Amino acid sequence: MSNEIETEGAQRLERPRVEALDRILGEPLKVLDDGFVRVVDYMGDDSSIVQAARVSYGKGTKKVQEDRGLIRYLLRHRHTTPFEMCEIKLHVRVPMDCWRQWIRHRSASINEYSTRYSIAIDAAQATAADQWRLQSTGNRQGSAGFVDAEKGELLSKQEADLHRESRRIYDARLEQGVAREQARKDLPLSTYTEAYWKIDLHNLLHFLALRMEDHSQLEIRSYAARIGEDVVAKWVPFTWEAFLDYRMHSLSLSAIEKEVIAAVAKGDKVGARKLVEERGWLEPSDKGGWKRNREREELEGKLAGLNLAAPW
Amino acid sequence: MSNEIETEGAQRLERPRVEALDRILGEPLKVLDDGFVRVVDYMGDDSSIVQAARVSYGKGTKKVQEDRGLIRYLLRHRHTTPFEMCEIKLHVRVPMDCWRQWIRHRSASINEYSTRYSIAIDAAQATAADQWRLQSTGNRQGSAGFVDAEKGELLSKQEADLHRESRRIYDARLEQGVAREQARKDLPLSTYTEAYWKIDLHNLLHFLALRMEDHSQLEIRSYAARIGEDVVAKWVPFTWEAFLDYRMHSLSLSAIEKEVIAAVAKGDKVGARKLVEERGWLEPSDKGGWKRNREREELEGKLAGLNLAAPW
Amino acid sequence: MSNEIETEGAQRLERPRVEALDRILGEPLKVLDDGFVRVVDYMGDDSSIVQAARVSYGKGTKKVQEDRGLIRYLLRHRHTTPFEMCEIKLHVRVPMDCWRQWIRHRSASINEYSTRYSIAIDAAQATAADQWRLQSTGNRQGSAGFVDAEKGELLSKQEADLHRESRRIYDARLEQGVAREQARKDLPLSTYTEAYWKIDLHNLLHFLALRMEDHSQLEIRSYAARIGEDVVAKWVPFTWEAFLDYRMHSLSLSAIEKEVIAAVAKGDKVGARKLVEERGWLEPSDKGGWKRNREREELEGKLAGLNLAAPW
Amino acid sequence: MSNEIETEGAQRLERPRVEALDRILGEPLKVLDDGFVRVVDYMGDDSSIVQAARVSYGKGTKKVQEDRGLIRYLLRHRHTTPFEMCEIKLHVRVPMDCWRQWIRHRSASINEYSTRYSIAIDAAQATAADQWRLQSTGNRQGSAGFVDAEKGELLSKQEADLHRESRRIYDARLEQGVAREQARKDLPLSTYTEAYWKIDLHNLLHFLALRMEDHSQLEIRSYAARIGEDVVAKWVPFTWEAFLDYRMHSLSLSAIEKEVIAAVAKGDKVGARKLVEERGWLEPSDKGGWKRNREREELEGKLAGLNLAAPW
């Protein structure tokens, strides 16, 4: 019997381990006022990704690239399956409101603290007086700036009162013998829950790409940043570096954006402008200037970022 | 070019449709005090399952069984892939507390009402005075019986007050300009949400098997029953019938339970009892009788259901 | 900050490891004439399942059951999520024909040897003269018994010739400069391929339940048995034992089967028979006896296994 | 009872239907020499995507954008869940070699023609004399150009002989009574198979993005193009248009590529070159010029496409 994938000779195989991650195994990394993320277990490291990718090469193929280069290549060209070969299990403590967003990611295994079985965790996320965020006007689903401190003081007081009152009623129900599964129904969404959350690296990177992003809500963004910067960066440093270069900090140009930029770059302002007009992105506004157009504004942002002037 | 799967001759193909389901398309089927389930769209019917299963038979194979028989066979023997060939899309209105359980089923597509983008739905699940359930003593995660009406009256009043107060604070935050994504953080879990929920029939049956079951919480069980009895039963009647026979009302016997029942059935009481003793399920209690043992108790229930006497 | 799930005190956490599995890490476990299964990496053990299940209990809940009992309980009652907390990665070498069945299981991560990138593995599954199986007459998709040795000799010779000729043509194409991706198109399905295959324990047990089963094709059944008996049994012994008791060797009774057995058990032969007749399972045959009916025959098998006589 | 998602008033709901797709329902769209793709059923259309996306807006929100604009926005910003709300079922006929790649996409439901149950389809993909592709030298897993016609003639003859011989042996085995599941083991990978394949639009677009791409193998690329251009374009025209603009014909710039382009665009050649040197992408070659470096070459291609000169 011969086999084509290198089987590491006769010596006994050992599971790959990562010193830097072992050092924080089990340690709660604090997030928000009372939440945390803890690494409970993991499988694989950067070299496991390389090993899986090299299945394709077969016996006798020399190492054409260093590991780091190969990982960068895989991530750049969205060869995603080798990243599924690494797995991590976290123990997290999160407000339910935030957890509602979290579990929309379906490619993970979850065991959550049960408030049918046990008494609900006696903690709700509290907001400091200077942490009340104002509704964004530009972005219907975002926030921008903070409520002024005096008003914030009052909001925080009301919040604390509501937390206390909700818990009092929860406790009173339990005392009356109400079933836990029903008593919990009016706990605030800010109540903390805990869970084991297990996911492979490919799906974790997808989670991070969405949740570390600017438009993501601050709360889940805080968890994502913790996981990215304090866990993934330690666990698979080559992958993390490539992820930042090719995913987090990358820029996507659409077919039309490519054309416009190419026209601008060769100095063809008229042609560039025509492309945009034809799309209906340059309609004169009654107040002078142009009517608001989301695609044009996105393009303007990209042009500016590339040091190119919009020819309109 | 020939092809092996029957391609329905030359006549134009039409999408399968189900009269009985078309009749309730878009109609809200009420659940709980203010929730509902609405069928928005569907794909396939009982015949689509048969069609997919018959792929195996190929050209020239005569129809060995009627459709109903084949569907029963598939369900009985857990040939699940043909049931994935049917798909349904529901619009549901559910308390968030219940929705938290619902979305643990990961094999579905979901678009939920966004309280980052829009103002939260102004409705929370209310409990009638005679509907406060008592904590079960036998089952740590269940309920049994009701709080007496007088106490219930008070609980319902407290509940209404808490709903009102939570909403007042939510509205006040919005008035102060607090971002919707943050203002919502202390809404009670009983607040209603809405969503489109799309799932294939195989995964829907799995959902129903778990959520129509006795140990499932009353709230989600009410939704599951509505979907099963008023939607699935109309949509795929053969499948629904087979599902009840072979899944919902079936009984599973473990290796040891089979052995014990076989011994009891041939009158070998001594042998049956010995099997159970060897497992350590028959330990004398200090108070007479046997120590509680969950596996033995489950077996006793099954013996009784089959009209067989436990020989201990 | 407090937390409800026990965080193992102050001492540093270590990844769970399994001696018995570490001992065979990387070792090829032979299957068929030239295939194998090798454990490359794993995450978690029996205790990880217990840990995840206990999330529900929260702080202060005493260990009500031993680990073994809890695992048996979870498996018996199909609480499947804790089993997703264990993960294993195998390196397998399999004939493509068998691999075609294997990858129908979608809940796994896969990196397969690429014959676009590399020259195809120069090995095809060969059949010994006494291993040619006869088509089953009872089961359209099964086999039963063997072709006699003399004929088998010839079949094996033809097989070897065909393997040689197919490979010769493959090699000739490559020599002519034909692209590997096209040259491979006429390799026999028996050609070996290799892959990394990573899956969680819940999905692995599902795979084993289907593929260790009698009706499963011999080739994939051989792999499943190897994985079950030589890998899973070592890795998570409590789970393996429970799996055999509650899944592999369990028996499912449908609603009607329960009723018939209950009638038979209390001696009500007339009633039992009536139940079966009403279903149309007892139609007299022209040749005497009953017409063949699959559900009745399955029931007869179950009655016999439980030492109960069919009253017809 | 009120509800927040518009429930289309009192009038009866009808399933969305697409004229252009209904017209080809059931019609085999030819691919390769003997394969096809047939639309068997579908659910939803462009408006279903919009409907799902608008869940977020709630009652009373005016239609801020036209449907087309919203679909473009969703696709551009990778809001993928609304695209899961459409589903399609295809009947396909594909060589097994190609099918092996196809089913690597796990987010689909599949029922395949069974060669355990039925006799294998008597057709294998044949290659015309001028269609033998040469191995690419630049791309280890690709092809480029064709074998010259004379040689091709011979290759096609050998191919036909091998197909004939493989089938002869398959038939002979069946005649000897060998079980179908075993007899098939040496059929060539080019043998056609058939299947029902059901997938949601989001996952279908992902499949098309990967399989319509230049580096994808010609065979599966032919199927993908058929499905994209003749099915998806008819089914959801707004989505198809947006998909081409924002996925198929888009360009992704990494963090470093953005920096270099921005430097080049403002005329800072020295700075641009320094950025590239620091990465180690500009190492002098012994033969003059630069050593080959994949990332630099990719960047050079992008610069050229945008009409910008590489400053090295």
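A, B, C and D label the chains in the order they appear, each numbered from 1.
Heads up, the rule we're going with is that contacts are C-beta pairs under 8 Å (C-beta built on N, C-alpha and C of every residue); 3 or more make two chains touch, one makes a residue touch a chain.
Remember, predicted model here, so these are calculated numbers, not experimental data.
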| item | value |
| --- | --- |
| Comparison of A-C and A-D by number of C-beta pairs in contact, larger one | A-C |
| Identity of the chain that, by mean CA position, is farthest from chain C | A |
| Rounded Å distance between chain A and chain C, as computed from the means of their C-alpha atoms | 36 |
| CA centroid of chain A to CA centroid of chain D, Å | 27 |
| Multi-partner residues of chain C (at least 2 other chains) | 56, 110, 114, 117, 141 |
| Complex contacts: residues of chain A adjacent to chain D | 56, 69, 72-73, 76, 141, 244-246, 248-256, 258, 261-263, 265-266, 294-295, 298, 305-308 |
| Touching residues (chain side chain C, partner chain A) in the complex | 1-5, 7-8, 12-17, 22, 25-28, 30, 34, 36, 38, 40-44, 48, 51-53, 55-58, 61, 81-82, 84-85, 87, 89, 91, 93, 109-114, 117-119, 121, 123, 194-196, 198, 200 |
| Residue ranges of chain D in contact with chain C within the complex | 95-97, 100, 103-104, 106-107, 110, 114, 116-117, 124-125, 127, 132-136, 140-144, 147, 151, 155, 158-159, 162-163, 165-166, 169, 172-174, 176-182, 184-191, 217 |
